[in-house]
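Quick heads-up: structures coming right below.
Shared chain: subunit A. Partners: subunit B in the first complex, subunit C in the second.
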Partner chain A sequence: MGQFLQMVFPLDLITLPFMFHALLSGTVVAILSGLVGFFVILRGSSFVAHVLPKAGFAGAAGAVLLDINPLVGLVVFALGGALSIGMLGKRGRHDVVTALTLVVALGTGALFLTLNEHYATGAYALLFGQLVGVSLSQVLDTVVLGLVCVLILGVLYRPLLFASIMRDSAEARGISSRKLEMAFLIVVGLATAVTVPVVGALLSFSLMIGPAATARYLTRRPGTSLVCSVAIAILTIWAALVLGYDTSWPIGFFVSSISALLYGVVRVGASLQQRRVAGKTDAHVHPLDGVVGQK
Partner chain B sequence: MQVEHVLELNDIVVQFGQRTVLDHIDVAIEAGEFVGLIGPNGAGKTTLLRVILGLLSPNHGEVRVDGKSVRKRNRAIGYVPQKIHLDPDTPLRGRDLVGLGLDGHRFGVPLPSRKRRARIDEVLEAVDALRFADAPVGRLSGGEQQRLLIAQALLTDPKILLLDEPLSNLDIRSAHEVVRLVGRLGKERGIAVILVAHDMNPLLGHMDKVLYLAEGHAAMGEVDAVIQSEVLSRLYGYEVEVLRVRGRVLVVGGRDEEADVVDLLGGFHCGDHEDVMNS
Partner chain C sequence: MTTVLHYVFAPGLLQSEEVLHAFLVGILVAVISGVVGVFVVLRGQSFVGHVLTDIGAAGASGSFLVGVNAWYGFISFGILAGAGVEWLGDRARNRDVATGIILSFAMGLGSLFLYFDTRFTSNASAPMMVLFGSMFVLNPGVIPIVTFTGLAALVVLLLIYRPLLVCSVNPEIAKTRGIPVRLVGILFMILLAIAIEDGSLVVGSLLSTALIIGPPATAIRLTSRIGLASVLSAGIGVVATGLGILLAYDSYLWPPVHRGWPVSFFIAVLVLVFYLLSRLWPERRYAQGAGSARREEVA
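So, the complex of A and B:
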């Protein structure tokens, strides 16, 4: 048993600086994804959360081509994608604009990769997440950007909840749902930019959707759901980082499969529980008994 | 003596491009009055509501609430939307939804307090929603959700309650209960009620006046004067009959030739099937 534990959790998990960095920035990324994911699901904007990481990927590829910090490219492109989706969308409906953002991003990303012939391994890391090579300065970037996002979400919490649930009533109370939407998209863009280097562009939105979707089955209170979502996201990324270290398989694979697995288990559990409750209360006489179906 | 009007619309004109949607509308509503707003689709009902709410500035004219001219959105007006679209799994209880009416427009995170809870409980009790206040909103029936929406609108102590087609998704019983509830709240709290409806039947016996809109023009009248076959038929440009059965008034749309035959034979009763949708 002890041997097995040592195999899964070798001591160098925390003594190796890159692993410590990865765990640290992974935690920031998870907190952010859990919070943003709650609102992404509430607003039905999963598609946006899927597209912005791809925009960020193109930006990072471009930044490498220009030999600047990839995070700059990530932020610029993810924010650019968010702003264009927000400005071109109409009253909360923006799936066409989002789809176009996706194809433009993927096309540009393909071009940048082709122009930069020596970047194949880097591109692989950007797409599927990487463990090694997270430097301390990258961790600091993640922490700062993450704090900014958490702060914005904290300030916008109530009006964003209000406008996401009932847009008309919120507007009648003086909330500008358009400005809120722009602010939220910017937060999703920034959150994307810090998530992509750790989890990878292709699968980073699984960390936004999975934990928040799972948390919906655990509680009926919005605040508690938010906390559960963050907790599940943190557990997911920690497990993924440890398993990624043990196996050297991509982090993105572990994040997506763990979050899907958790979602499945919790959902089945919730529906079993519901069936049990329904079985107890469903013993009354049907109102149409004796009216229809008599022979 | 001059009557105090809680809501006055003075000479409101709204144009979208070349089209005049509201054409010199003058309306005055007293405190505690229950007004049914009716009119065919496209008559400008929603536009009128948006003007009253301050979400749309009219090209001409002014809205006065409690004697004061309003341009901006205003706490004295409570708004109840038609329906709320939520997943059954959305983590939001009835009391969370209602609480948004208290402080949902403020920045930051809501902090639980005894006072906040007491305020929310008070309005939940007023609409008889305490028993399902802790259930997820997405799993409640249309009538239960409507009660929560009304409770939410009450939290600002409004002088006017605007309800945008609150009955359109409700069954006969829930529709009557919602109308009775709104009527009672209006009288008890002195709130003027403007309720948009396509089916007038649940409102009859509760509303004081009818405000009807057609082709951008508005007229307000006593219920007996407006709920007449000729008046409604002209308003909708379609045959509408007002029937009086067992001391009750029913509004029925269209003409059924078979029903005419039954009428000629005489003595046919509708029984209790009194909700006949007009189109």
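So, the complex of A and C:
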């Protein structure tokens, strides 16, 4: 037993500096993704959460071409994508605009990659993440930018929650859902810029969607759901790091399969429970089912 | 005049077999995507449409490992994922999340496959091929499969045209008329998967998304008649693709490196320009009742 444990959790996990950095930045990223993801799921914005990291990836490719810090390109493209989706989209409906934003961003990214021949390895790192290659200064960047996002989300929390669940009542009380949507998109863009350099464009999406979607089935209280979402995100990335270290397979694979597995289990559980209580009460009306959900 | 013409239509353009193939396949994909895409936009399924390209890419990465033609990887993953999205996203509210989870899982699987690809096979360039595709290095062997499956999908779409239209515009009315909405939904998803995966294989997953969303969204803003919109959308797709290939061919002479700019870039930008131009068109007022609200919402 002890031997097995030592095989799964070798001591190097925390003694190796790069693993320590990875755990640290992974945790920060997980907290941020769990928080932002809660609203992404609530508002049905998975598509945006998928598009902005990819747009950021294209921007980073451009920054490398111009020989500036990739983080700058990442922020510019992620925020630019968020703004164009917000401005071109109509009240709550912007899937066509989102798709077009993605296509143009990726097309530009393809151009940047073609024009610059030295970039291929860097591109892979940004796509699939380089969690175990994070330096201390990158950890600090992540923490600072992450804190900014969390602060903005803290300010937006109440109106955003209200407007996400009951858009019409929120508007009646003078909350502009359009401005709120814009602010939210900007937060997602910023969060993307924080997470992509650490965990990669593909993984950053998994971490935003999976834990928050799972948490929604666990509890109906928004606050608890938010905490659950963060907790699941953290556990997921820790487990993925350990498994990734043991197998040396890509961490993204573990993060996405653990999230998908958790979601599947919770969803099966919920449907079983629903069948049991269906006779007694109207159990399948979810309090978080709001205006935004009923597309 | 002739020099200008020479500059635009570079000499040797139509003599090159690669370019001819690119034109042929590009036009085919543009037509199929244009027609299928009208329903994608009408049904508000842009996200699923795009997701199928990424999932197909994961399947393609897997097919390099097994050593079969990438088409099988694309099509098997695409159809599985399409059916999965329909099945898990039973209610509209669940659809967005279900799509996201399936996408996330497929991307994880894809990254594992790519890792194995680059590690154990000699396909180090597999990721970029799968992501961005390249029209000019097309394997001529896949053209017959793509043509056949694409045309078959188009025929089936024409056969279920009426019920599909009713289901897309107003599911409630469809139900009262006795149309099996769920079945039509799944059937459409399979057609969509075929259209998308054929497109991804020959023009890359990025362009496949561009052609399935851009021209239809443009066409729907210009006319409220769906039949006309389908034709228009196919036409816009063909124009964008043709112009894109032409520009990409010309760009071999452009600075800063004489290597040619990617076709994806040109087509993506052209598609966006067309869409933005169509937004200048005055908003359509729909006379017939039920569909109007839905359609206005979508575009």
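Note that in this section the second predicted complex is superposed on the first by the 274 of 295 C-alpha atoms of A that agree within 3 Å, B and C clash if a C-alpha of one lies under 4 Å from a C-alpha of the other, contacts with A are read in each partner's own complex, and residues count from 1 in each chain.
Convention: contacts are C-beta pairs under 8 Å (C-beta built on N, C-alpha and C of every residue); 3 or more make two chains touch, one makes a residue touch a chain.
Keep in mind that what you see is a predicted model, and the values were worked out from it rather than measured.
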Legend entry - Fit-or-clash call for subunit B and subunit C when the two complexes are aligned on subunit A: fit
Legend entry - Which of subunit B and subunit C A:H50 touches, first, second, both or neither: second
Inset, instruction - Tell me which partner A:L42 touches in the superposition: subunit B (first), subunit C (second), both or neither. - result: first
Inset, instruction - Using the superposition described at the top, determine whether subunit B or subunit C touches more residues of subunit A. - result: C
Legend entry - subunit B versus subunit C as contact partner of A:R220, first or second or both or neither: first
Legend entry - Which superposed partner A:F20 touches (first subunit B, second subunit C, both, neither): neither
Inset, instruction - Could you look at A:F253 and tell me whether it touches subunit B, subunit C, both or neither (first, second, both, neither)? - result: second
Legend entry - Touching partner for A:L100 - first (subunit B), second (subunit C), both, neither: second
Legend entry - Least Cα gap, in Å, left between subunit B and subunit C after the two complexes are fitted on chain A: 5
Legend entry - Intersection of subunit A interface sets (partners subunit B, subunit C): 216
Inset, instruction - Using the touch definition up top, name the residues of subunit A that touch subunit C in the complex. - result: 41, 44-47, 49-50, 88, 90, 93, 95-96, 98-100, 102-104, 106-108, 110-111, 113-115, 117, 120, 123-124, 127-128, 202-203, 205-206, 209-210, 213, 216, 249-250, 252-257, 259-260, 263, 267, 286, 289, 293-295
Legend entry - Complex contact set, residues of subunit C against subunit A: 41, 44, 46-47, 49-51, 88, 92-93, 96-97, 99-105, 107-112, 114-115, 127-128, 132, 206-207, 209-210, 213-214, 217, 256-257, 259-262, 264-269, 271-272, 275, 279, 297-299
Inset, instruction - Report the residues of subunit B in contact with subunit A in the complex, numbered from low to high. - result: 53-55, 72-73, 77, 79, 81, 84, 86-87, 89-93, 96-97, 100-101, 103-110, 134-136, 149, 152-153, 164
Legend entry - Interface residues, subunit A side, partner subunit B - complex: 42, 154-159, 161-162, 165-166, 168-175, 215-217, 219-225
